[in-house]
Amino acid sequence: MKMVMIGLGRMGGNMARRLMDKGHEIVAFDRDADAVAKLVEAGAEAATSVDDARAKAGLPVVWWVMVPAGEITESVITSICENAAEGEIVIDGGNSFYKDDIRRAKMLAEKGVHYVDVGTSGGVWGRERGYCMMIGGPDEIVRQLDPIFSTLAPGLGSIERTEGRLDDATDPRAENGYIHAGPAGAGHFVKMVHNGIEYGLMQAYAEGFDVLKGKASEKLPEDQRYDLNLTDIAEVWRRGSVISSWLLDLTALALAKDGKLEGFSGHVADSGEGRWTIDAAMEEAVPLNVLSAALFARYRSRVDHTFGDKVLSAMRFGFGGHVEMPQ
Amino acid sequence: MKMVMIGLGRMGGNMARRLMDKGHEIVAFDRDADAVAKLVEAGAEAATSVDDARAKAGLPVVWWVMVPAGEITESVITSICENAAEGEIVIDGGNSFYKDDIRRAKMLAEKGVHYVDVGTSGGVWGRERGYCMMIGGPDEIVRQLDPIFSTLAPGLGSIERTEGRLDDATDPRAENGYIHAGPAGAGHFVKMVHNGIEYGLMQAYAEGFDVLKGKASEKLPEDQRYDLNLTDIAEVWRRGSVISSWLLDLTALALAKDGKLEGFSGHVADSGEGRWTIDAAMEEAVPLNVLSAALFARYRSRVDHTFGDKVLSAMRFGFGGHVEMPQ
Amino acid sequence: MKMVMIGLGRMGGNMARRLMDKGHEIVAFDRDADAVAKLVEAGAEAATSVDDARAKAGLPVVWWVMVPAGEITESVITSICENAAEGEIVIDGGNSFYKDDIRRAKMLAEKGVHYVDVGTSGGVWGRERGYCMMIGGPDEIVRQLDPIFSTLAPGLGSIERTEGRLDDATDPRAENGYIHAGPAGAGHFVKMVHNGIEYGLMQAYAEGFDVLKGKASEKLPEDQRYDLNLTDIAEVWRRGSVISSWLLDLTALALAKDGKLEGFSGHVADSGEGRWTIDAAMEEAVPLNVLSAALFARYRSRVDHTFGDKVLSAMRFGFGGHVEMPQ
Amino acid sequence: MKMVMIGLGRMGGNMARRLMDKGHEIVAFDRDADAVAKLVEAGAEAATSVDDARAKAGLPVVWWVMVPAGEITESVITSICENAAEGEIVIDGGNSFYKDDIRRAKMLAEKGVHYVDVGTSGGVWGRERGYCMMIGGPDEIVRQLDPIFSTLAPGLGSIERTEGRLDDATDPRAENGYIHAGPAGAGHFVKMVHNGIEYGLMQAYAEGFDVLKGKASEKLPEDQRYDLNLTDIAEVWRRGSVISSWLLDLTALALAKDGKLEGFSGHVADSGEGRWTIDAAMEEAVPLNVLSAALFARYRSRVDHTFGDKVLSAMRFGFGGHVEMPQ
């Protein structure tokens, strides 16, 4: 298929390359002319504007928008919309909030333009391993785009198949690494929860390594003190243990390079998906102690002390036994 | 009654004074001779050793041990035990772990010595307001000591009585500020849970004030930003609101002195009771998300960064989008 | 002052009565004619519609809207707005979301109408004890309404004053039980956090009582088992302990009536404020482990089992040692 | 090597088979004669008692004890100890508490007997995939047992190697699926933390699936409602996503069989390791919000309502607005 890729950063650029490697045609547009030039070297056709891209694209025009979520995505989609013809297809492949998808899908539908939201996992490894995709939008349009999705996806690969999926009744797309999750927004919703889970998994490992490291503390009785080799522990857990995972693989890799992780400051950023997952849980009245604690640990990592800590000290000073607290 | 007070720190000294004020006799012993001397000025009889105290005490000898929990309490009680006569009564008024009470009560029972554990709340305000006490031990002995407990307790005071307690069927001691909670250890167990709750309450206020303070953040849209007066907020909540409490009174007091609490470092200590409450919940399989989170907030307040935070950053770096993390 | 009260439920009706008791005049309107009739008996002037109320009110017309937050509040305020004259004042005394206040204040300002948001704590006890109020809105208008606020508020009463507030520099309103927190929405924002804290405090007590009750479990070693009198424990903690509070008073009252609380199903509702507090914390990046856990405990109380619990069992079955799990 | 295997349940039996498959000799003992008979069919030599096993074993006698942790392990080790000769080696392969290991190692050392603790992960899949092992004990003895450990371990297999471990300086055992973690107890300590992490990971997935499932709730606005196919979602996440893991593989397997998991009751058991991990964190003062919340979710899954829930309702009833709560 022929497709316009807008946004040629690490994700968009690699996805375009993976598509071209397998025979698709890409019209490439980005505000950064260098990024366009590099992709042209890899076989893409350059576009100098949205309308130029439209002129060079096949029919119906298929737009894959791969720019930062929020205002930038909104403005790119708005500019596509301006001169869009009926039947064009806009794919938002970024990390948009699913309620924005719902709103945009309605807005575009008024002009006869189709909207598809794609949540993508795989990071910098995706070009080689393929991209795991969660897709929202009208069934017919998602089917029509299948050549693109099936190319971007990892495919069956060497991952062992799941018993119970081997018969013909199941949707083969899931096994190949992409699903049509539901109508507008469903793709980004599933991706959002995916990221919420990711935060929880990461924090579970983080806390476990904290307990391991803390076991060397000199405050403990000497015969209960262990100076554990965290690098080897991460490695051995990759090997047949119940907690093996790709995140653990990454941890083992990092610890093999530097067992003390001294290159990291300890300030941990978070993106919108973690927060939106908590929001969704509150709308559904679902308890989410682990995923929220994982998010809060990141907030906490970014301040030296909370004001609340001082409130605690002030109360302790107030009821009297704790004059040592003020400094 | 006549009683030996061992340990004349802030708590022991004030309790002895409150007892003497109301006509009880105190034999005073402490390793710190100055502390003894001060209490003698207030009317106590000085003792120079445990055995000297025994000689000066009435019969049966009643010991109130008010020293730091753990090894010191253990060694004082052991030294009392050495020459104890049958019928002596040892009261541990500190913050001992209730399982130590259970063990000690058995140990002393072998010598015919009675053991009573008293958890005390009230802090430095207790001498004036009275001490809220939770007592464990044999029913007969606790009854026998009632003159002491009823003197130390706050009494009915001006606190509004609880409807449903006004008839004669209820134990009047609770209204007067002390209870006989159960056999050995029960007093300290109830006090332990009291402190566990205290941690939870404190953290609830702390987090609330954090949200109030954070509302001035310049990252928020300007019309959603408030520069709130925390001092006035703490005060107004004391006045008819559902969350009024003594801990809030203390918070209002601290904020009235310094609305930014700049005198506090933000490092918050914890004592054993919070941990033991979590332990007890684990033995009982009771979920305790709030009380454990309150304890963990204090642990977290005492380190700059956890190693776990760095593990998170390392994973984020690993899956690729986050090259900004290493420093 | 003369004021229109719209919404004569328990809160609105009692507030109107408190105002009339102290000499204010009330024009009363409610869709429920009985509620109006009852308030007329208590001295109010009846209104049959918003416009009728306007005709009977003094100038400038002051509206106190005390109806359920959300759509009903919105529609009442909209209907007031239709024929509002410049200078009218609309007070939203309900539990509105503060961002709705910000929006409404702007909308009303376009017509020259002033908007004041008042968060109120005190519940059914307020008529007698007075209402603790947190107010948002323009300084001049809030000052103008002071006769109303000072009447509704508890006043100094018998609550001990906070040291450091005794001089003249502090705003005396806080001590009297009401504050002007800031511009539009600030009143409801502070009340929202108040309720968030309330959830945390309540859950801290709830967990503590759970640990106390669980200590009678037959799974524990016999000498570590206590059959504790929760009614007496709640009472004694009211008496001089660090965790005394109004919420504890209510707990003691409930336990004095029924020590097993058998009249309660265990399903616990929540209102918007708890959720909004978490939302606010996420916007501010403030960690809120205790307040969120308190909210989640309520969600969890309302389902028999989460689907997540079954996911856990399914995994346990999968890795093999746990064939007992499926039923 | 020749080794005595005591305890021929699923784990012990399969481990013995794996060892015999690769040329080791096993003397087999179990209270269940059938279990012994079955292993004899697989090539083991039967023993009828501990002393009989000793007579049939080579020198030095190596004992692998694979019985339930706690009293049974203790009694088996005690009975081995009775007639043990200097130089015998006792391996505890169960899930013992690491402090029991420390105690036992000292006890056995007095008789010149060596003690090795081995935490094992891999469950029923281990016979085929190999067992991931974390080992504690004296360096010399652990080296001596290497033929056994290297046989039980998975080996390099097809798992991609970790960059940074490819040179010769690193301990090759970790890559092969076993580590010598440290002195007595260190093996079980690392395994304990492994299980603590496992709880956290499982709960993260569980909460995520709860949010996905809850998105079909009829309480949500119709255009924000998705009826998601959880089976396909679990499958697609296995395919190139950041959260792929073995636990997710198991979840996908379970959902492929029954997308509603109706065969599971929702009651989730827990074993000691989760609790011990929290205990360890409290001794080290390490915050552990995620791992503790994961454990508490299991406790909560096993009761219909907590007493604490009723305490909440009672308070809500008390402050008045909530007469609907009592039933």
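Labels for the chains are A, B, C and D, by order of writing; each one numbers its residues from 1.
Keep this in mind: a contact is a pair of C-beta atoms (placed from the backbone, for glycine too) under 8 Å apart; a residue touches a chain by one contact, two chains touch by 3 or more.
Given the structure is predicted, the values throughout are model-derived calculations rather than measurements.
Student: If you tally the C-beta contacts for B-C and for A-C, which one comes out higher?
Tutor: B-C
Student: Could you find the chain whose CA centre sits the greatest distance from that of subunit B?
Tutor: Greatest centre separation from subunit B goes to chain A.
Student: Between subunit C and subunit D, tell me the centre distance in angstrom, where each centre is the average of that chain's C-alpha atoms.
Tutor: From the centre of subunit C to the centre of subunit D is 47 Å.
Student: Taking each chain's centre as its mean C-alpha position, how far apart are subunit B and subunit C in Å?
Tutor: 31
Student: Can you work out the whole-Å distance between the CA centroids of subunit A and subunit C?
Tutor: Each chain reduced to its C-alpha mean, subunit A and subunit C end up 39 Å apart.
Student: Mark out which residues of subunit D touch at least two other chains, giving numbers and ranges.
Tutor: 123, 125, 203, 205, 207, 210, 214, 242, 247, 253, 285-289, 293, 296-297, 300, 306, 319
Student: Within the complex, which stretch of subunit D touches subunit B?
Tutor: Against subunit B, subunit D makes touches at 242, 275, 278-279, 282, 285-289, 292-293, 295-297, 299-300, 302, 306, 319.
Student: How about subunit D: which of its residues touch subunit C in the complex?
Tutor: Touching subunit C: residues 10, 123-125, 202-203, 205-207, 209-210, 213-214, 247, 250-251, 253-255, 261, 263-269, 289, 293, 297-298, 300-301, 304-322, 324-327 of subunit D.
Student: Give every residue of subunit C touching subunit B within the complex, in rising order.
Tutor: 99, 102, 121-123, 125-126, 129-134, 153-154, 157, 159-160, 162-165, 170-171, 173-179, 181-183, 185-186, 189-190, 193-194, 196-201, 203-205, 207-208, 210-212, 214-215, 217, 219-220, 223-224, 226-229, 231-233, 235-249, 252-253, 256-257, 277, 280-281, 283-291, 293-294, 296-297
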